[in-house]
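Below: the structure, in structure tokens.
Each chain gets a letter, A, B, C and D, in the order it is written, and its residues are counted from 1.
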Amino acid sequence: MIRFNSDYMEGCHPLILKRLSETNFEKRVGYGYDDLCQSAREKICAACDAPDAKVFFLVGGTQTNAFVIDAVLDACDGVLCVDSGHISGPEAGAVECWGHKVLTIPAQDGKITAQGIKKYCNDFYADRYHYSHCHMVAPGMVYISHPTEIGTIYTKSELTAIKRVCEEFNLALFIDGARLGYGIVAEGSDLTLPDIARLCDVFYIGGTKVGAMFGEAVVVTNHNLIKKPIPLIKRHGALLAKGWLLGMQFDTLFTDNLYLNISKNAVDCAMRMRREFNNRGYRCYVDSPTNQQFVILPNDVLNYIKPNVDYTFWEHYDECNTVVRLVTSWATTQEQIDELISYLPR
Amino acid sequence: MIRFNSDYMEGCHPLILKRLSETNFEKRVGYGYDDLCQSAREKICAACDAPDAKVFFLVGGTQTNAFVIDAVLDACDGVLCVDSGHISGPEAGAVECWGHKVLTIPAQDGKITAQGIKKYCNDFYADRYHYSHCHMVAPGMVYISHPTEIGTIYTKSELTAIKRVCEEFNLALFIDGARLGYGIVAEGSDLTLPDIARLCDVFYIGGTKVGAMFGEAVVVTNHNLIKKPIPLIKRHGALLAKGWLLGMQFDTLFTDNLYLNISKNAVDCAMRMRREFNNRGYRCYVDSPTNQQFVILPNDVLNYIKPNVDYTFWEHYDECNTVVRLVTSWATTQEQIDELISYLPR
Amino acid sequence: MIRFNSDYMEGCHPLILKRLSETNFEKRVGYGYDDLCQSAREKICAACDAPDAKVFFLVGGTQTNAFVIDAVLDACDGVLCVDSGHISGPEAGAVECWGHKVLTIPAQDGKITAQGIKKYCNDFYADRYHYSHCHMVAPGMVYISHPTEIGTIYTKSELTAIKRVCEEFNLALFIDGARLGYGIVAEGSDLTLPDIARLCDVFYIGGTKVGAMFGEAVVVTNHNLIKKPIPLIKRHGALLAKGWLLGMQFDTLFTDNLYLNISKNAVDCAMRMRREFNNRGYRCYVDSPTNQQFVILPNDVLNYIKPNVDYTFWEHYDECNTVVRLVTSWATTQEQIDELISYLPR
Amino acid sequence: MIRFNSDYMEGCHPLILKRLSETNFEKRVGYGYDDLCQSAREKICAACDAPDAKVFFLVGGTQTNAFVIDAVLDACDGVLCVDSGHISGPEAGAVECWGHKVLTIPAQDGKITAQGIKKYCNDFYADRYHYSHCHMVAPGMVYISHPTEIGTIYTKSELTAIKRVCEEFNLALFIDGARLGYGIVAEGSDLTLPDIARLCDVFYIGGTKVGAMFGEAVVVTNHNLIKKPIPLIKRHGALLAKGWLLGMQFDTLFTDNLYLNISKNAVDCAMRMRREFNNRGYRCYVDSPTNQQFVILPNDVLNYIKPNVDYTFWEHYDECNTVVRLVTSWATTQEQIDELISYLPR
């Protein structure tokens, strides 16, 4: 059985394992006040060309989304995202339970658009009653995932347009980068880490899905955006006691460009996987240049490979075909792609 | 200037004013433990043919919605409503700030449908990952407004079908009755107070918009639905110190059928208003049998009447026409309708 | 049976009742955007000698405390109050449920002291770990009641000292004035409304216990303290639809000094009540110059008067004596005091 | 410099490191639905002699406390703990921000007592107003730490008495076992894991401080105590994507009694440390039989050792002496104790 269900199925990059062993019995102070966290922060700021950015390390994605949104928004404001946005779906209401409404607008290729935001805000502020927008949840932030939940990526021009609308309507721009590496190295991507750091107010660099055991590095480039971050992280239950475990992992990932190098492997494997499917006549449901591929398979093909391949059911395409998600990661090998393809009917 | 903006523009029915004067210097204990609240509860139970229902008096609608939903739902569950549902719009996130996601589905004539609920739940429980619905906000309740936000009403057969789906998926059924009287006495309505009490788990009888200065009477017919109601109401900031003010108003409204009688006046005025518009060639945007009328007016007509008539802008119909909302209440007089019509161009 | 349980047992001042009748059928816009609210705001600002203060009308005390504390505090901060503070006790956790810890310090005569606040803050910021105060709830506000929960009052010099410490530690100062009138007109009080407005950042003028049917007027003198007040009030479920009912009541109370005049009556009655008890040899438990009196009564006296007098049990004084609370209000008459005294054993 | 600041300064036990390497490239499903979690659950149930207990793995202590308290308590109820309880102090309000008040009572040797709980509850339910306890936060749970925040331990008889009072007042009993191993193997302890499992409703076995990199195993022995645990954990941001990392660690710790064996090492080192201090004439501030020692040191001694020893300042004992906390862990060696002692003045 070969598994392509998701990108968080393996442990961590061997260099992290090695470092873990080396530092295991060194005693360090807790909560991120250690040398490894400090070093990782500096390397991340350098990689982002954002020397004054503030960097915080949290453990997982839902936690990080809930923290950032809660920390940035005024109490009564909401967060705009596409209807397929991760915070709007499989996060069990982790944003709402801090009091913030998730305001959804339709997606285009999984992406929010500058026009979509503009229309929402114009409608909101041109509301029918003169006092009515005082009764509605005001948009205070735009949340986007890069790459998106369906593997698509924003271009520099799209993100720049979004940024401009955010400025117009006084919205913070937050990028969920749970798979950030896979977006940056994607074919056709023209967004670099420094671009991202420059164009949004806060984003995070996903570790859990990109080489780390766990961990997300929140980068706040808009200073003063988050008051009192440490007690807020603590009260979210998100302040890891052994903070240096996070620092050590990100320090390793941001040494010698490891983060982007291993991201490239995932994308290369995904692109080859896509070609192999295409060559055999199977089309993709989404044109994704990143590590998540959504393949339309005839149901009998699906039944044929099921004993050997673990995938994620995405949705019914029509009566005879199904969309499945197949995901590569930093750890995927060409041999695993070979094996996957070998299970397809000749 | 004649005003038809809303149904909460006047004070209260004269019988309530009279009773207020009579009881003003009588000393009563606070928080609803008084004789007037007790009497009102008994009369409401009788009117609902629900002798064992529990009745609580709160002050306003948003407060009541937030309380009931918070009190009934399990912590991580959400509430299903139509996308035009009041809790999803102009309540400033008052449901979300107690931690509950509002899950919206499309409306049909402003109403939720049994099929819509069934589809949502089937999709939810047949989710793509075997563990995925643990990551999603589960529907725990259905919220409907009767009449709806656009004045339409549920039939007994519709509500019965909704109730059946709710039972199938273990959803509490909650009816927002901010304008309940206007729905019950509407032309074509076949739902009585006892029907409503029997078919839902909890509902409220709106006073603010139907004859009271303020006040909403929550009727809980599904016993054990709400544990520890009083401290919950208190912590919502919704326990009126002089609770007897609420008891006295509802006791008056539920004496000699006053509540439904004055509701009838609002509907009669609205029906006449509609006829007068129709007779002059103006169509309605919604076929509303209750006190809210949505009339499509040419923009030049609108400009013509604007100096004399206060209405609520609803939406642009097309380039030349606008939908406006005109609302009657228990206090509207035939003379006011005459005056309104007199302002229309001949 | 004569009742002295509390000061919210009657309806409202006759001038309010009269005005209610006069304005009952006048149509007004909702949510506080009406002329009566505007007029009341102006009169309150004038009475406070605070022309630029912002004034909001809410319905009840617990609601107002929860709103103000939530609106003013940063998300992770707490509110300092005495252990007998109302928000720490009989408000059912209405402050905590908005996420804020109530941090208590010992009371002196029911009052917080400048030294107590200073000690708490010094201890807090000189905490044992260098990072530890990031793990603790920081004090962000001081809450005091004037008069206090046991009827005592702050002097101008005490309040000035508290204000100074608040400034030193960057704490907002909030005064719960549910019984404010009774404190201002108390014998020995040297704090006027303008003093209070000048010395705190936000306070409220209680209507429920001082002449109104219901209503509390929040006065924010520290501009920029509360961002986006209206949606915050709305989401607290605290925005009365018929806001003019609040405006009309406060407009009446702040016409011709009615608020303080009727407060004086309550205090005069309380002082006479105290003298009558003292003359008969009964001492007070607290030296309260306001409308709440705490009398130590032998248990046999208590049993003797119980059939005729309704009071609040406060606490057991010793095996043979009990402390009871007897409360006068704006509506108490000398005849009622006479009657009360007549029930005492000769 | 030798460090005895805390017990979360090292990584993890070498057997965990080894296992981490071995399993690193095995692909596993996420969120705790894997074989390692399953195996760990079974071993924990066996060790607790609680075959039907439900076991959940979370990441850290504050997170676990917030989750358990939120999951167990009714919305408006509070949690009783000693004033020195961890949830009442350095958790940044993580309990309050889920809406629950922390109700404190005085500690005896850092411990809550059955009598203290009983007195609190009796006072609460015998409240002065007949309706008053509806306005107060009701105690719904007792929180204790074993060992306590100052290293003391409960005896079986004490815990049994507490359990009995909890049953009497319908309170859930929750044990914070962040350092549970160190309590169980302490000299004089008569509480075993099965005792603890039997005597409380829910507890957790701390991994972060006892051999794991991170992780806390929540054991729910009172079935039906927590409805819908997975979405609740998810919405707390506490559901680790790579759940098997937690399962693997606890599976290792509960193989061949590793958890208690390494706990014993910490206690042995602490006992020797204490003896060495005592032999040199330094007394302890608390009689702690566990891995946290609180030594009273003359200030000049403290200054003398400061360049070489890292400790935690606890409090000023008097003008000339200071209480410091010195903490051993599963990783402490006799050589480290030797070194610590060697820095003391002869």
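One rule holds in what follows: a residue touches a chain if its C-beta (ideal position, glycine included) is under 8 Å from a C-beta of that chain, and two chains touch if they have at least 3 such contacts.
Remember, predicted model here, so these are calculated numbers, not experimental data.
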| item | value |
| --- | --- |
| A-D or A-C - the one linked by more C-beta pairs in contact | A-D |
| Furthest chain, CA centroid comparison against subunit A | C |
| Same-site or different-site touching of subunit C by its copy subunit D, using the half cut | same |
| For subunit C paired with subunit D, centre-to-centre distance based on mean C-alpha positions, whole Å | 42 |
| Subunit A-subunit C separation of Cα centroids, rounded to whole Å | 50 |
| For subunit A paired with subunit D, centre-to-centre distance based on mean C-alpha positions, whole Å | 34 |
| Sites on subunit C at which at least two other chains make contact | 75-76, 91-93, 97, 134-137, 231-232, 234-235, 239 |
| Contacting residues of subunit A [partner subunit B, same complex] | 75-76, 78, 89-93, 96-97, 99-102, 128-129, 132, 134-137, 312-315 |
| Contact footprint of subunit C on subunit A as seen in their complex | 31, 33, 70-71, 74-77, 130-131, 134-138, 227-228, 230-232, 234-235, 239 |
| Subunit C to subunit B touching residues, read off their complex | 3, 5-6, 8-12, 14, 17, 20-21, 23-30, 59-64, 66-67, 91-94, 97, 208-209, 213-214, 231-232, 234-242, 245, 331 |
